[in-house]
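One chain, subunit A, appears in both complexes that follow, with subunit B as partner in the first and subunit C in the second.
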Partner chain A sequence: MPALLSLGTILLPWMGAVFIWILGDKRHKLVGPVAVVFSTLAALSALYLYPFATSDIVVNLSMGDAFGYLTFRPDGLAVLLTAIATVIGCLAVIFSLDYMRGEHQLPRYYSFILLFIGAMSGLVLTSSLLYLFFFWEITALSSYALISFNNDDPKAVRGGIKALIMTQVGGAGLLAGALAMNSAIGNFEIDRILANPAAIPAGLLAFAAFGFLVAAGAKSAQFPFQTWLPDAMEAPTPISALIHAATMVNAGVYLLARFYPAFAEVPGWKLAVVTVGVVTAFTAALMAITAGDIKRVLAYSTVSQLGYMVYAIGLGAVEAAQFHLLSHAIFKALLFLSAGAVIHSVGTRDILRMGGLGKKMPFIRLAFVIGAMALAGIPVLNGFWSKELILEAGKETGPEWGYFLMLAGAGLTALYTLRLTWMVFYGKPREDLQVHHAGKAMKVALIPLAVGSIFSWLLVTTVTRVSANTMPYHTMVETNIPSLVREVALSPGTWIALAVILLSIGIWMVSHRMRFFEKALSWASRPIKASFGMESINDAIIRVVESAGERLQLSQTGLLSWNLLYVLIALILACIYLAVGA
Partner chain B sequence: MIIEPRLVITMAVICLVGIGVYGLLITRNLIKVIVALQILVKGAILALVLAAELQGQIQLGQSLALTLIVADTIVAVVGLALGLQVRRRVGSLDLRDLSKLKG
Partner chain C sequence: MPLNYFIMLLILPLAFSPVIYLVGRAIGGKKKKNTGPNISRWLLLGVISWCLYTLIRLYPISLADEKVRATWGTVSFQFDGISLVLIASALILGLLSTWFSGRYLAGEVGEEKYYALFSILIGSILCLVCAADLFTLWLCFEMMAVSTYTLVAFHRQNAAALEAGVKYLVQSALGSVLVILGIALVFGERGSLSLETLKAIGTQTPGLLAAGGLILVGFGIKAAIVPLHTWLPDAHSQAPSGMSAMLSGVVIAAGLTAMLRALSALGVPPAVWGCAFLALGSINMLVGNLLALRQVEVKRMLAYSSISHIGYLLIGLGFALYQGVNYGAEGTFFHLITHAIMKGLAFLTAGAFLFVLLPHDGFHGSLKIKDLQGAANKYPLAALTFSIAILALGGLPPLAGFMSKWVIFTAGFITNDGWMIAAAIFMALNSVLSLAYYAPVVNRLYQKECSDLVKAGNKIPAGLSLPLVLLAVFTVMIGLYPAILQPIYQLAGKNLLALFF
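Showing the complex of A and B:
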């Protein structure tokens, strides 16, 4: 049964993708409902898989001598991420029914979403490093294709190329690490690496550890690769919610969490992970305060929250990172989808032109405010509990400078969330914008996410118990609801964090709604807008890759004579090699 | 001096393939490309029969060669028909003109 279900979460969306592709442009009205059916089936099989979580390998397909075995192991971490990917994927597809209505080339859109959902499930379920890399690259491909979905918009194409190249840098790190592991143990089985990391030569292990850190940093938009994610916001909003907030960007965090037991002993690795997390979380929060585009603010906040998860993994609090990943996926998808409803209604993404929209769209305002409160870490919403767990781990085990920066980051999170919510939904309308009403499918997709943002922390018992039982190499702490409540409520760290959050809200109220704050930040706004110089470095990488590509284009003449000449030269070289070798 | 038949066939194969490849390398005329391709394939068929003979399975080689001759004729016919259409549409048989027709 678990074998069938774990294959179902991958193959059902992929079957849907092929089916939609066959349906084609002519029957574009059918395409949306078909995508909903297949993604719902995938979500149901992922949810049904959850109770079957096990540490055993349930699917073992031989792929020939060169490629080893395609194996699936649905353990606690894997089933949680599969459930997140398929359920939020399903909701994003439902949301798209309204959001993408009337667009051209819908089959391309839906089949790439379904391809992505299947690949994401495969990425987390497989226990073979080689196939993890394959699925990793499929998610990068579909992310690129969907960012550039509006392929007549140069900005969208540019953003897609940027995301593709930057995530390929990470892909190269992952591949290098995987090959190093293969040379050490002779195959790609993740379990063998986790079971006995001491058997691997220290140099190779360190190489793989830092290679995987690069991979995770590029995929999860961590420092110094963080600039591709804001540019990826040219994608249609459901894509931003699904791929660039809730699932694909979590793949890097997943990679670090999965390999934590193997790499924890590598000297300097934990400190490097903590540093990356802290720097990202803090700088991205600063950038979110100055951004003026509703989706870019949310993108920076995603980068910042991913920084919190990376930080938690660096501290060894894998279960806190996993818990925050669940909370973040739910509330950030909610925020993105309600932002999408706003953008769809008013036709702009510029928050300086919005204002006072709450009266015209009370339902969307309610959903957005719930998501914003969870993001800011207001008590009893899911973001509060998971962020407190991370901050507590930071207070107990982490370096002090990291903890202080993270606390400041929590305050900044509250600030930019409040600023965003206020500028969009409250105050006086700055412009008379035409408001269209949100469709039914949008509301259907928003309700489960809003409910989840309030109540998902109640799942903590199940999530930690399943993880503790099925992940033999990790030391997962089992928590239940009463002990979580007691732990969080009695810890002084919680009260410090809450005080910081309240203080920043207070500053905002007193200081004429941010004007003071923006002035104070104005001297820093130019470096912030340039991502502290990282933007230019990332752009330089992209320029180098693109010019190398253009140079290589010269070798592809498309003329038969030249191609034949290459074939002939290769043949002669092969003959010489054979003759000399013999 | 006794002329070894296998040597003759080998020489013929080398000549035919050489002429075909040389033709493909230098010509840009579509009709000439097809002719060169035909010469190349004839060399390949001869090589097939020779290989079969060396393996002691001459019947297999001959029957495969017959099949190939038929298939190759069809390739030539379709290629020439396409060339005719290209001449009508583009007004030229030069491959350089054709490669400018990118989508």
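Showing the complex of A and C:
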């Protein structure tokens, strides 16, 4: 049964993708409903997998000598992530029914969403490093195809290719690490590596550990790879919600969480992970405060929250990271989809042109506010519990500077969240924008997410119990609701964090009326807006490569005499090499 | 008897080529223009199918690792795993290209000559990869080269094609001269040309080293090793598209194979060649990718991409020869097969687009990437197969290129040598770089706005679509379940290592 369900979470969406492609443009009205059916089946498959979660391998197919075995293991971490991917995927597809109504080439859109959902499930369920990389690359392919879905918009195409290249470069780190470990132990099985990391020579293990960190950093848009995520916001908003908030960017966090037991002893690795997390969380929060595009703010917020998860893993609090992953997926998807409803209604993404929309769209405002409160860490929403667990772990086991910066980050989070919510929904409208009301499908998609943002923390018992039972190499502890409440509510760390958040809220309430806030930040906003120089590094790399291509082009003279000269030079060099080398 | 099948395999295409020409000239010449493919195409298809049948009969024997030999005096042929890979690629790609060319070249002047020369090309490749002595090797190599000269310049009214053909001819002839000088040196040193005898002697002398250099450069021109590659962009982009597919897919690989066979007989330690291949491969990959970035013509971009894929093959060979890593050899042959399929698919689809978008009357203009804008709206199947082909070439799963590159990467890491690992990582980064020129083409295909040429284009005939669908299916199948080809490439890898070690 678990084998069937695991395969179902991958093959059901993929069958849907092929079926939709066959339906094609001629039956495009059917395409959306068909996509909903297949994604719902996948979601049910994933949820029904929960009782069957096990630490055993449930599928084991030989794929050839160089490829090892295709194995699936639905353990606690895997089923949690596949449930998130398929359920939020299903909601994003439902949302798309209204959002993408009337667009061209919809079969391509729905096909790639389903391809992505299947690949994401495969990525977390598989227990073979090769197939993890295989599914990893397929998610990158779908992400690229969906970001640049609107091929006629050069910004979208550029964003898609940038995302593809940057995550692929990071993927080379995963490739290198996977093959390095394979060369030591002779197979790709993840549980063999976790069971006995000492079987791998220390140098190779360190190489793999940092390679994986690079890959995870690129995929989860951590510093210094964060520049692709804001540009990926050219994607249709349901895609931003699904791929760039709730699922694909979690793949990097998943990778680090999965391999934590193997790499924890590598000298310097945990510190590196913590540093990456802290720097990312803090700088991204700064960038969110100055951004003027609603999706960009949410994109930076995603980067920042992923920084929190990475930080938690670096501290060894894998359970806290897992819990925050769940909360974040729900409330960030809620925020993005609500933002999508706003963008669809008023036709712009620029928050400087919005304002006072709350009166015209009360339902969306409510949904957004719930998501915002969860993001800011207001009790008792899901974000509060998971963020406090992370901060507590930071206070107890982490470096001091890390804890203070993360605490400040929590304050900044509240600040930019409040700024965003206020500038969109409250105050006086800055421009008279026409509002089209949100369709029914959009509301249907938002309701479960809003409910989840308030109540998902109650699942802590199930999630931790399943994790503790099925993940022997990670030290997972089962927590139930009363102990969670006690732990968080009574810890001084929580009170400090709440105080910081209240302080930030207070700062906003006081300063925004006096325009003091925008002015105070303006001197800092330029380097912040330029991503602290990372964008210029990206541009420089592109320029160097392109000019290298241009200059090399001169060697292709088209003149026969030059071609023959090259042959002569090659002959001379070959003879020199052989005379010296042999 | 296996020997009979083997002899049939070697002789059939060459023997039938004059028949193809004469029948085509006699019967086909009486037909009016543009009324469908010439009868000579059907003859060629029959010949290739017959050869495929003999190959299938030979396959179980070679799997059992028995070698089939045919000898007449000092001329000898031997069928082993390496031959199997190349013959299979040549025949299957040849079959599909011939089918494609039927519609593509229908009614053109000299059509029957095309099929006759194609037959000589296939026959000479079959003989080349089975050659077991240096004279036969060189003879078949020359035959292959001569047939390709005329096929490249087939559209002889087109000045660009003629120029490409002439440049290719001169450079290739220079290569042949260098090769025969090398062979002469070997004969002078050893007194024998049989590869087996030479391998058995196995000691190295300066004369043999010099011969090695000459052979490396001479065959290297054909195998498009940088800086000997300069003929390739012109030749592969100006040839008729069925021919471009064969050239990029099989002919340069055959050149590489001939080089390997010749080098194995020299008694030089394999690590010398391994090191050279690693360096050359790295340069090939980088140069191929950087030059492809700036291309605006579709077929030229694909030609430069072939140069970078030869780089991947060389890196795989480097791993195999430097340390005897079996995955290196296996990966090289696996990538050879998948590259033939993917590049063949890419060129054939480009040809289909050329056929419908550009006016042709024996004159084919050049298809630019911007001409393909919005092609998916009108030609969904062709756009899909083209996207599959180029994304597969970029190494994205679940397509074939990912799996074949994976085997080569595995080889690099198994060696546990810092330089090998660096080479493997460099190859991975080059694979990413190649996406920078592959991906924008896919984006352009799927735009909403169509280019003027697309708006005015005709329907793609079914005859042209069939090979595209088959090759696309192969690409996806191999990507999902690479073990299908495992017996074949493992055997070839084993044979390669046996040649050198």
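Note that in this section the second predicted complex is superposed on the first by the 537 of 582 C-alpha atoms of A that agree within 3 Å, B and C clash if a C-alpha of one lies under 4 Å from a C-alpha of the other, contacts with A are read in each partner's own complex, and residues count from 1 in each chain.
Everything below uses one rule, namely that contacts are C-beta pairs under 8 Å (C-beta built on N, C-alpha and C of every residue); 3 or more make two chains touch, one makes a residue touch a chain.
The model shown is predicted, which means the values in this text are computed figures rather than measured ones.
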Notebook entry, point to check: Counting only touches as set out at the top, which of subunit B and subunit C does A:V510 meet: first, second, both, neither?
Noted result: neither
Next item on the list: Examine A:L490 and indicate which partner it touches, taking first as subunit B and second as subunit C; both and neither are also allowed.
Entry: neither
Next item on the list: Using the superposition on chain A described above, determine whether A:Q168 touches subunit B (first), subunit C (second), both, or neither.
Entry: second
Next item on the list: In the three-chain superposition, say which chain, subunit B or subunit C, touches more residues of subunit A.
Entry: C
Notebook entry, point to check: Regarding the shared-chain residue A:L560, is it in contact with subunit B (first), subunit C (second), both, or neither?
Noted result: both
Next item on the list: Name the residues of subunit A shared by its contacts with subunit B and its contacts with subunit C.
Entry: 557-558, 560, 564
Next item on the list: Show which residues of subunit C lie in contact with subunit A when the two form their complex.
Entry: 166-167, 170-171, 174-175, 178, 204, 206, 209-210, 212-214, 216-217, 220-221, 225, 227-228, 230-231, 233-234, 268-269, 272, 275-276, 287, 290-291, 293-294, 327, 330-331, 376, 380, 391, 396-398, 402-403, 406-407, 409-410, 412-416, 421, 424-425, 428-429, 431-433, 435-436, 439-440, 443-444, 446-449, 481-483, 486, 490
Next item on the list: Using the touch rule from the top, collect the residues of subunit A that touch subunit B in their complex.
Entry: 557-561, 564-565, 568
Notebook entry, point to check: Which subunit B residues qualify as touching subunit A in the complex?
Noted result: 21, 24-28, 33, 95-96, 99
Check: Which residues, counting only subunit A, touch subunit C once they are in their complex?
Finding: 24-25, 62-67, 104-105, 108, 130, 134-135, 137-138, 140-141, 144, 148, 151-152, 157, 160-161, 164-165, 168-169, 171-172, 175-176, 179-180, 182-183, 204, 545-546, 548-550, 552-553, 555-558, 560, 562-564, 566-567, 569-571, 574-575, 577-579, 581-582
